[in-house]
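Consider the two complexes below, in which subunit A is the common component and subunit B and subunit C are the respective partners.
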Partner chain A sequence: MAKITINEKEFEVEDGKNLVDAAEENGIEIPHYCYHPGLSVAGQCRMCVVEQEGNSKLQIACNMQCKDGLKVSTESDRVKDAVKWNLEFHLINHPIDCPICDQAGECGLQEYFMEHGKYKSQMREQKVLKEKVVPLGDKITLDKERCILCSRCVRFTQEVSKTADLAIFNRGDRSVIGTVNNEPMKGNYQVNTVDICPVGALTSTDFRFEQRVWFLEEAESICRGCSTGCNVNIHHKAGKHIYRLKPRYNADVNAYWMCDEGRLTYKSANFDKRLNAARLGGVKLPLREAVQMLAAELKTLVAMEQQDEIAVLLFPTETNEDLETVFKTLKGDLEINAFYSIDVQALIDEDEVKDELMMRNDPYPNSRGFVKGMKAHKIETKNLQSLKKDLESGKIGHLLIIAPEDPQVTDLLAPLSQATSPDTFVSLLTPQTAAADLFAQALSIPCISHYEKKGCMINFQGREQQLSGGFRMIKESLSLDECFRLLLEEYKKPTEIDRRKGAQQ
Partner chain B sequence: MMRETQHHRNMRPMAVDLSPAPGEKRILLEHLGVQGIRRISVYESKGGYNALKKILEKKLSPDQVIEAVKGSGIRGRGGAGFPTGLKWNFVPKDQSKPHYLLCNADESEPGTFKDRVILEHLPHMMIEGMIIGAYAVQAKKSYVYIRGEYTYATKIVEEAIKEAYRAGYLGKNILGSGFDHDMFVHRGAGAYICGEETGLISSLEGKKGWPKLKPPFPAVEGYLKCPTVVNNVETLAAVPWIINNGDKAYSGIGTEKSTGTKLWSVSGDVVRQGVFEVECGASFQTLLEDCCRGMKDGRKLKAVIPGGSSAPILTAAEAMDMTLDYESIASKGSMLGSGGMIILDETRDLVQVLKNLSEFYHDESCGQCTPCREGTGWLMKILHSFTEKQARPIDLELLKTTSNNMIGRTICVLADSIAMPVLSYIEKFPEEFDRYLSESSGQSSLSEKLQAKELL
Partner chain C sequence: MKALNNLKAKSYIVSTLFGLATTGKHFVQNLLGIGDRPTIQYPEERRAYSNRFMGVHVLTRKADGDIACTACMLCATNCPADCIHIVAAESPKPTVEKYPAVYEIDMMRCVFCGYCEDACPVDAVRMGRDYEYAELSERNFVVGIEYLADRPQLKGKNISVFREPKKLVTQKLRKAS
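Presenting the complex of A and B:
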């Protein structure tokens, strides 16, 4: 540990820690653009200047390591003036086109101007004009005029994604970001450059012009794209529509980054893909009635001692809490034994990093939690081939499918729908229309999507991570936990059969 | 960028006075007039490579060489004036990583052309100095990073290196000493910033010529992250003389803190322009009157830029009062720099001169640090508004504030190289700016006056 003094206050910080980070840890913000804790130090933007005791020149905090006795000021008049002027330098050639800029509302220039600037610009000369809409492949759109040349994106492609596809061309105030030979950017990690761009220069082509960021709310969650379990923030509007996912820092899992594929997993959760009402054979019915019907169907089979004809199909995409309720209800209360799924253990056994960076082979977010839940309830699942066989042989009277909005699951369901005979009653708990459409005659109950879920999932490291969604995009939808509690409630209500049985006794 | 005309001019050797001008003290340029001195045989006949032989045959240790260079008091001739021996001493003594010596021959400061004389006429003196320097810091490889436009000089140096290899001064086991050394020529592509030592290193590494953040300093982590010494051509060329004649002989020349001689490349409004070797501490008049034969057409001296275009300007009175050493010029508020002296007579319009310079620095800023990237352009544009007679009174203050906020705020000193001149021109020749202001239509409006108050 090192004792350092910032603004005449003493702090104890990790020896050798970067001063910008050490200050931030202690609630002191040192403005910076080019410095990023996940990248090498460039020292270019000069925004992080501080006054160091014993040094007549202003020093940049990003290139200072904390050691005992370090004394700096971040709020002396000299520093304030320097920061203000540095900001002016950043802005004299900036187009200041905030009204049409996607970054507005989360822009480093706007933020620091309000905090450290608030001057009237003296720049009356012609600004340097540059290209404004430059697609760098199909994921990123570049505005060269807005770029402050902090080089974060360039360093990212050199140091993190190792694609090295970005560079700064030309020199002086004619410098521009670009790709080598104007080729499209490569790889599955491009959009991270948008996250780390402190201004509106690099924008996500997916998010561009979709929504003003000040209308967005955030909820913490875990990406559903693979077993890595990247920590994400969901950016949604009033819980009705998700506009984007952004990586949330977790030093042990994904650091500051996530892959582009994972980033787009929010799409299947939005309204146009969603089952927005319960239905039976294509006819809408109230949600409560649908659950009652499912309870009744199950109960009839149980009452006739035919619960062996009930088959349950589910995937490692649910939270540990939901799985617990599902297993407890189906296995414990209803004594159902026929569970089907993909071979999750095999996925775990063969799980490794797919692209030398972060993405893993196992495409499900909670395989470990799934196996753990199965073991706890002494459940063994059979695979999809046996389900198909069992369906074809007519052994299954009721097939209960719990299907997430994941398109790869929908692909797995398609062959099963063909194998299902009209004699099998299919009930489907799913957030998406695509799955419900596969089983046209089924009883479909709308569920919430992955990013609305609350609960925990276990990633490849065995780390239990929390999803805090909590919003409800479709009014008429249930979480699995809610659905099964309701189901059990309905199931336990005495019915005509019970009464008759009671009378006989 | 290599301009066509410039390119053709550089295909030819630069014309030099082979015999010393009055007032000169030639030690580096002693044999400049000798026919064929750029050939190794002629150079050897004048005692060339004796310094290297002395070191290797007498088995002087690297530390002894460093001590000798330290004792001579020689300071870096590229511009910063850092003591050379001290620089060599910073290189770690262990050999866990290879060491490198780089010769900075990227002479591109406007007004500076003194290294060109050495490169074109006395290449072996520089090469000998480099081998000695490499031995001192135990570098097995050295590079001459030569300015792209110096096409003729490049050929000369390349030929000289070949000769040195053939003579056994380069390669394996030099003169049977067990010391191996290889030397390469690397041509720049015409960027001023690649003359900055860390910009040079980046460029040599095959990267964009961006100066590097310090610390770490090149002596510890330079070329390919290995310990590296970067020395100017003139500095290295002086090393053989120091070894041959002893450090005391060198420090006996010049003043106490500015030892030896300095090459001055004088351009501008003098009768005879050119490169002159003058003892440090000599009067400015020696250079102006004796070497350059006074002002052209009998006009009056107005101003002097003493050490390359990035040095703050001096008034005639200040120049007349100075001596040609680091301290005296610094005491006048400027710097000896590279020794590229520009003499300006009474007919020169200093606002135009400054505008011209600002265009150069705007063009050459690498664009890495914000204050320089944006500031150089802004200064240039404001100076244009002066020469276009559209300046506002507050523009003079704006020039000063902009400059003050560029100085010392960047990775390298390119920003300072224009900001300091701007301040000095305004301070020392305010009437030149006032003349443009009074002719300007750019009357500041009330709102601009208010803005100015708020800003300044």
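Presenting the complex of A and C:
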């Protein structure tokens, strides 16, 4: 621990901690552009200047480590003046495109300008024009004019993604960021450069012009792309449409980053892909009725002691809480024993990092939780081949499928839908239309998508992570937990026959 | 006592006659056009509204005929009635980046406060002078660019006063949809 003094107030901070971080931790903001806690120190932008006692010149805070007796001021007139002129300097050739800039609302220039800016610019020269709208591959759009040359993106591609595709070219006011000959950027971690770019120079092509950021709300969740379980923030508008995912800092899992594939997983949760009403054989019916029908179907089979004919297919994409309810209801209350899934244990055994940074082989977010739940309920799952065989041999009278919105699951379902004979009653609990379309005659009940879920999932490290979700994109949809509670309620209601029997006794 | 009561009961006749006289006076005055009248012969006659009057919005165009709006959505952000709906898109023109593929105002929700005009950085939306606006269906009150920028009443005079800075556009990006 080190005792440091900022603005004549004493703070106790970790020895050797970066001064920008230490100040932020204690509620003092030191403006900075080029410094990023996940990258090396460049000292490029000079926005973070502070006055250090015993040093006649202003020093950059991002290059200072906290040690006992460090005394700095972030509020002296000299510092304020320096920051103000520095910002004016950054804006000399800046186009101030804010109306058409996707960064507006979360832009470092806007924020610091309002706080430290020199409101009356003294710049009278023509601005240097540079290339705009340069596509660097299909994920990133670069605007060379807006770049403030902080070099964060360059350092990211050198230090983190190790693709080294970005660099600063030319000198003086003609310096621009870019790739050699505007070649596409490489790799699965490109969009992180958009996140760390403090201005609107690097913008995400996927998010381009989609929405102004001040309309977006945040919810915390876990990416469903693979077993790493990167912590993410979901950016949605009024809980009706998800516009993007952004990584959320977690030192032990994903630090400040996430992969580009995971970033796009939100797409399958949006309205155009979603099942928005329960349906039976393609005809819509009220949600409650659909659940009642499912309960009645199951009940008939159980009453005729044909539980063995009920098969359940599910995937390691549900939260631990949902799995608990599903297993408890199906195994505990309905005494169903035939569970099918992919070979989760094999996925776990072969799970390793597939692209040398974060993304892993196992494409499901909760394989560990799934196996844990299975063990707790003494459930053995059979694989999809045997399900196909059983379907073809007509052993299965009722197939209950719990399918997430994951497109890869839809691919797995396609061969099964062909193997299903018309004698098998299929019921689907799914958020996606594609799965429901595969089984045209099935009873489909709309469920919520991954990013709306609340609960926990276990990632590859065995770390239990929380999804906060909580919004509902489709009004008529149920979480698995709600669905199974409702199902059990309906299931336990006495039927007409039970009632008559009761009256006779 | 009885006579007094009688008189009281009949006193309405006097007031009625007074009333009739007033009606008659105004009838004659209006017929002959004598004196001040608060009403006008609409639609032949029209009131002169103040210059600050705010009527149905106008979307302006640039000198070259493009829509001036940059789809920044500041008007929609500022609108207290939440009645402006914009869908931004990549402009087909190489010199323009962002433009509104859809720009709709729900006139039924609009309170004609003019905050949208205040918010616009490029003089793209203005409060117009028209106030005669009737439709048969509620849906028709949601008006798009076609009406806001090109209705005949405007006579093509809606040219934005904002002058764009020079730009260097070398490449155009096409977003895969």
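In this section, the second predicted complex is superposed on the first by the 497 of 505 C-alpha atoms of A that agree within 3 Å, B and C clash if a C-alpha of one lies under 4 Å from a C-alpha of the other, contacts with A are read in each partner's own complex, and residues count from 1 in each chain.
The definition used in the following text is that a residue touches a chain if its C-beta (ideal position, glycine included) is under 8 Å from a C-beta of that chain, and two chains touch if they have at least 3 such contacts.
Model, not experiment: these values are computed from the prediction.
Contact comparison for subunit A: of subunit B and subunit C, B touches the greater number of residues. Legend: residue contacts after superposition of the two complexes on their common chain; A:Pro135 is shown touching subunit C, with no touch to subunit B. Of the two partner chains placed around the shared chain by superposition, neither subunit B nor subunit C is touched by A:Lys378. When the two structures are aligned on the shared chain, A:Asn170 is found in touch with subunit B, with no touch to subunit C. Once the two complexes are laid over each other on the shared chain, residue contacts for A:Ile92 go to subunit B alone; subunit C is not touched.
Looking at the shared chain after the overlay, A:Arg208 reaches subunit C, while subunit B stays out of its contact range.
Across the superposed pair, subunit B and subunit C touch subunit A at no common residue.
Residue ranges of subunit A in contact with subunit B, taken from their complex: 41-47, 49, 57-58, 63, 81-82, 85-86, 89-90, 92-93, 119-120, 122-123, 125-126, 128, 148-149, 151, 167-168, 170-175.
Looking at the complex, you find that subunit B touches subunit A at residues 191, 193, 208, 213, 215, 362-371, 373-378, 381-382, 385, 394, 398, 401, 405, 408-411, 451-452, 454-455. Remark: subunit A residues 95, 98-100, 104, 127, 129-135, 138, 141, 145, 182, 205, 208-210, 212, 214-215 touch subunit C in the complex. If you check the complex, the residues on subunit C that touch subunit A are 70-74, 77, 88-90, 97-98, 121-122, 165-173, 175-176.
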